[in-house]
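Could you have a look at this structure, given as structure tokens, before my questions?
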Amino acid sequence: MSDLTRADGRTPEQMRAVTIERGWSEQAEGSALISFGRTKVLCTASFTPGVPRWLTGKGTGWVTAEYAMLPRSTNDRMQRESVRGKIGGRTHEISRLIGRSLRAVIDTKALGENTIVIDCDVLQADGGTRTASITGAYVALAEAISWARAEGHIAKKAQPLKDSVAAVSVGIVGGTPMSDLAYVEDSRAETDMNVVVTGSGDFVEVQGTAEGVPFNRAELDALLDLALASASELSELQRAVLSEAA
Amino acid sequence: MSDLTRADGRTPEQMRAVTIERGWSEQAEGSALISFGRTKVLCTASFTPGVPRWLTGKGTGWVTAEYAMLPRSTNDRMQRESVRGKIGGRTHEISRLIGRSLRAVIDTKALGENTIVIDCDVLQADGGTRTASITGAYVALAEAISWARAEGHIAKKAQPLKDSVAAVSVGIVGGTPMSDLAYVEDSRAETDMNVVVTGSGDFVEVQGTAEGVPFNRAELDALLDLALASASELSELQRAVLSEAA
Amino acid sequence: MSDLTRADGRTPEQMRAVTIERGWSEQAEGSALISFGRTKVLCTASFTPGVPRWLTGKGTGWVTAEYAMLPRSTNDRMQRESVRGKIGGRTHEISRLIGRSLRAVIDTKALGENTIVIDCDVLQADGGTRTASITGAYVALAEAISWARAEGHIAKKAQPLKDSVAAVSVGIVGGTPMSDLAYVEDSRAETDMNVVVTGSGDFVEVQGTAEGVPFNRAELDALLDLALASASELSELQRAVLSEAA
Amino acid sequence: MSDLTRADGRTPEQMRAVTIERGWSEQAEGSALISFGRTKVLCTASFTPGVPRWLTGKGTGWVTAEYAMLPRSTNDRMQRESVRGKIGGRTHEISRLIGRSLRAVIDTKALGENTIVIDCDVLQADGGTRTASITGAYVALAEAISWARAEGHIAKKAQPLKDSVAAVSVGIVGGTPMSDLAYVEDSRAETDMNVVVTGSGDFVEVQGTAEGVPFNRAELDALLDLALASASELSELQRAVLSEAA
Amino acid sequence: MSDLTRADGRTPEQMRAVTIERGWSEQAEGSALISFGRTKVLCTASFTPGVPRWLTGKGTGWVTAEYAMLPRSTNDRMQRESVRGKIGGRTHEISRLIGRSLRAVIDTKALGENTIVIDCDVLQADGGTRTASITGAYVALAEAISWARAEGHIAKKAQPLKDSVAAVSVGIVGGTPMSDLAYVEDSRAETDMNVVVTGSGDFVEVQGTAEGVPFNRAELDALLDLALASASELSELQRAVLSEAA
Amino acid sequence: MSDLTRADGRTPEQMRAVTIERGWSEQAEGSALISFGRTKVLCTASFTPGVPRWLTGKGTGWVTAEYAMLPRSTNDRMQRESVRGKIGGRTHEISRLIGRSLRAVIDTKALGENTIVIDCDVLQADGGTRTASITGAYVALAEAISWARAEGHIAKKAQPLKDSVAAVSVGIVGGTPMSDLAYVEDSRAETDMNVVVTGSGDFVEVQGTAEGVPFNRAELDALLDLALASASELSELQRAVLSEAA
């Protein structure tokens, strides 16, 4: 797409090194430690038979997510939200995004009356924490569903996962559309877009924001192209990781 | 686009009746009571000379927004967030969206070291409260800037407003892309998209979410077409309202 | 009582223009938008079958109220209580006053095991917000009771309303007792009194406070006379408004 | 007024045994342990040179008050407000009442730029906790002012106290107006009135509430008569206690 | 142990005057006002039949404790924790310590499915508030258990109290081990240790902290000797107080 | 001490495998990922020039610590403290313990007016999280001090670290004193003791608690012997890790 190179030597369309370590937690029903370059997120999935009271008896399950950052995951230490006594707007917004993204690929009927809570805790942050969270959360979720099937909480033939889901941030930096923005790129991007895509290439979420100058239809199209290509790589990696023994 | 009609008789591409009453508040520096059908939002702009401490001395202004719903704006009464002692995720998310949308059309240098706080309080809710809020907030903001110029807080020649901004929700309901969803439509939409557009037709925000089935590129394109057309109508109305005497 | 005139041309015993718009909300079971001059309060009544757990099975209903001000209802913007994370003393005090005033004219046995929550949200504040709230809340309450009777939640012959209730603020300003104080009057009053009176002219609440100089028995008597006269006018208006078709 | 006797043998116009123990706290600048029968309140006055920022440089002082109940001051244990994480409406209302009552007899100019915080902590509650608090708070306040004069924080000739202040609850119980209601009387009173009166017999606050049946003008007058008589006794006791050596 | 004398004339191993006033509260099921010199703590025990939901049906009771300080118990007024909206670390820590200490001498099976909540409210603080609280709490607890047995909530032969419990603070001040530190001693101690001891002389808690210089094994041993001796005196006093008629 | 073996094959006096990975975080001034068997804690040290306002100008630095657990670090998922809106008693208590332990080996004068905040976030919990936190926190602290010296924030010759510090939990399980309890051991221990020891073998904290049966002097002595031996091993490991290149 361009022969420009970035601070870390990547081409505009290139993602950072992505690694996913399955089963990092020895206690959770599913877990993954995912890295997008220096960004590291620990994703755990907690499976509990039963659903919240307002869902009881409807024959459907529930998947929800919570996102948080360790206070010193960032370059300057942030105050803990538990100490401030309330959760900030950005945290809420990302938690809700992760939950919606996962629910888009879950068949809650097939899940049965079971609850899965995904926790995405950012251990180190260098841009793309929400997209890494979604991508890693899917792996933890898939592990937890395998566990639940093995334990008999979910019927052998039930297929609660309709598809996989991954996410990537793309943006226009210095006039050039780029994939998987690191923090320094993100902070000077003119437009920033988080795109959540299924394994079969459809959109679950498209969240584009003009940070400086509003963007036009052609720029929007270029960003979507980039996002679909990167998301496809992530889906491939998820598949590979999940096909290994845990 | 379609000859389907909706519960309230509209065609898919048709917005509800939109009205904007300028200067509704006798005490705020700017205000507008905006209706999108039964959805009614009171938008006020509070102008204060000076900026928060972290901006002092940088020669730039600050615009921020807060969104809230009256407890009985909805069909069933909700608990007040002041009573629960914390602000929910959805409220935070919408407040942040309104603020970002307004800042996209503000030249903070031209605003000078002044602060404008926009409050969008939903008096009655029937879908589209966030898009009505953004559209009304722009009118309140423009009024406050006129007031500040008249009062000498902003230089006569300064143009803090680079463009206008309006927003509309579009979605796919029963397979058909539709504009300006009412609550009953929104609650059964397969895809829901909020689009924030400048007066000159560029995007400030695109937030599309698959509620049920993920959406493909062609559906995304159809929704963007609808959104641009409706936003253009809203920009026209804003212009008309602001050209009247307050 | 005096031939003094006030800033807005009223005589000491004269109230501001009072208007009550019934059924302002299309979704609440009862509602009224009430104005005392520039003071505007939106009162809604939310009817729910059933009572809180601690009342279940006692055969009596429950009426409660919550009062709040929009952040820019006042001359200077106030911080939202939801943002501060707690409700201030004044808000609590007024919410409790409204609730007590309404319960004084409710026969909770006749209401049956039903709950009515009244919300009084001040859209614009120019003194007298608590008295306008009580006066408007009664109209919303009466509407909700009519609705509940029509819907069969309350027996046809049950009379949950034993009387009507209205409220007025009176005070001594510059040595002269005056009725229905506007904000500028209230802020320089020597004594400030809120009086809640039934349609039949008995007292529900008398809350008199010396802001500067303590007041003597004769002054107290003069204020009570004024309050009873103004309250009688308000009762008349409530009756007229409620006798119209909604 | 009546030859009726009450559960504890008092006549309707008779107060319970009232005792005031000055200087109960060895660390506060002023303090009093006051009892109205079984109701016991520890009142302390904390004197600090200087005023809150918003008052600095105006040459006036500040007096404020906080009221609280120990969790087992009552017959059934209440949850601590510190544990619930917020202060209830009743607590706020009484704290504000105590503060207003004291400020009514303070000349803040004569106090100079000094702050006095009064704490009224109910150790045992049997009705009348707010009136006992006000009555005891005045003694603690007077002690703190003497201390401040002795320490040179207040000029020798300054007279920050313009008058004394005391309070009593009166009410109509079973049709009979009575003074200084104990808890069992208060809980079945038709009308309950708290009256705050200066040493010279003028009103600072009159707060009358119909708990059951609204009250008429004649009943109001009878209650005010009772309140003035009891308040006069309390003023006398305050004077006596303060004339003893601390 | 030493012929050094302290500011208040005590020898290093000597406690301050300790008094325990049983039944101070007329409403609680058990209570004690305890003084260690100027430190005064009001301890109440609230007995309720039944246990929290998570214990129901297990045949065991529950004992818990809450500790708090009045805002002006200290030399400088502290902000109330109810006003700050959260409970500080120190308060939590001491509440938990008191609860654990009492549970160490309770046979929860013999208590049956009953709950006892102990409140320790510091009325005046001069060091040793947590140890005075534990020592007084035991007396209130014992009273409440006697009350419950008399009322038939606990079987006549049941012995919920396996032993008594008392606590003392010891420390090294200026190189000398001392018992029952007053505030001025505590604030300059090199090592501070709170020791909770049963009536039969075993340890329930040992909490030693080096404030300045770490301490060695010999110093630790000297402090434990002192603590056991003082705790023995406190046990004796508890026994004496509880053998009197309430 | 005994030939008993434990569930994981250890002898009573044997610690679990302990590993310390220095510099785990690429952004903090100091960091260590420490494991005591399955217990894993990420410790970071954030260095900031300057001190809180109340310390300014006194020439001394400040070291403080915060402890938290990831919601799924435990076997069953816990609710986040940020979601509950307040920090629990146990969290506060451990944060305070870590801070005190580190301050015991810091010369705050030599640190100069600089602040170091230590965060200990438990990624996986299997008993001993507070002792692992203290032991890892020391390594992060030492790294941050080296960094600050290299950056010139601390004088080349200043020695803010007076000694090292480590901690271990010991306890009596089934009658046998054991070192470094895993969760299953800890939960059935009769006595549980956390001991914080300097590199030179003196005590900083001794916190022993009888969970079931009170403990006697001989048992206390046996536990202290065990703790000193294990702490010595930890000190050795800290020294080794810190002597490696970061």
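The first chain written gets the first letter, and so on, giving A, B, C, D, E and F; residue counts start at 1 in each chain.
Following the convention adopted for this analysis, a residue touches a chain if its C-beta (ideal position, glycine included) is under 8 Å from a C-beta of that chain, and two chains touch if they have at least 3 such contacts.
On a predicted model such as this, the values are computed, not experimentally measured, just so you know.
Chains that touch both subunit C and subunit E: D. Among the other chains, E has the CA centre that is most remote from the centre of subunit B.
Looking across D-E, B-C or C-D, the interface that copies E-F in more than half of its residue contact pairs is found at C-D. Put simply, the C-alpha centre of subunit A and that of subunit B have 28 angstrom between them.
Note on chain placement: the centre of subunit A and the centre of subunit F lie 33 Å apart, centres being C-alpha means.
Per-chain Cα centroids separate subunit C from subunit F by 59 Å. Along subunit A, residues 85-87 each make contact with two or more other chains.
Contacts from subunit E toward subunit D in the complex involve residues 25-28, 31, 38, 42, 44, 46, 48, 66, 68, 70-77, 80-83, 85-87, 91, 117, 119, 121, 123-124. Chain contact summary for the complex, subunit C toward subunit D: residues 86-90, 92-93, 95-96, 100, 104, 163, 193, 198, 200, 202-210, 213-217, 220, 224.
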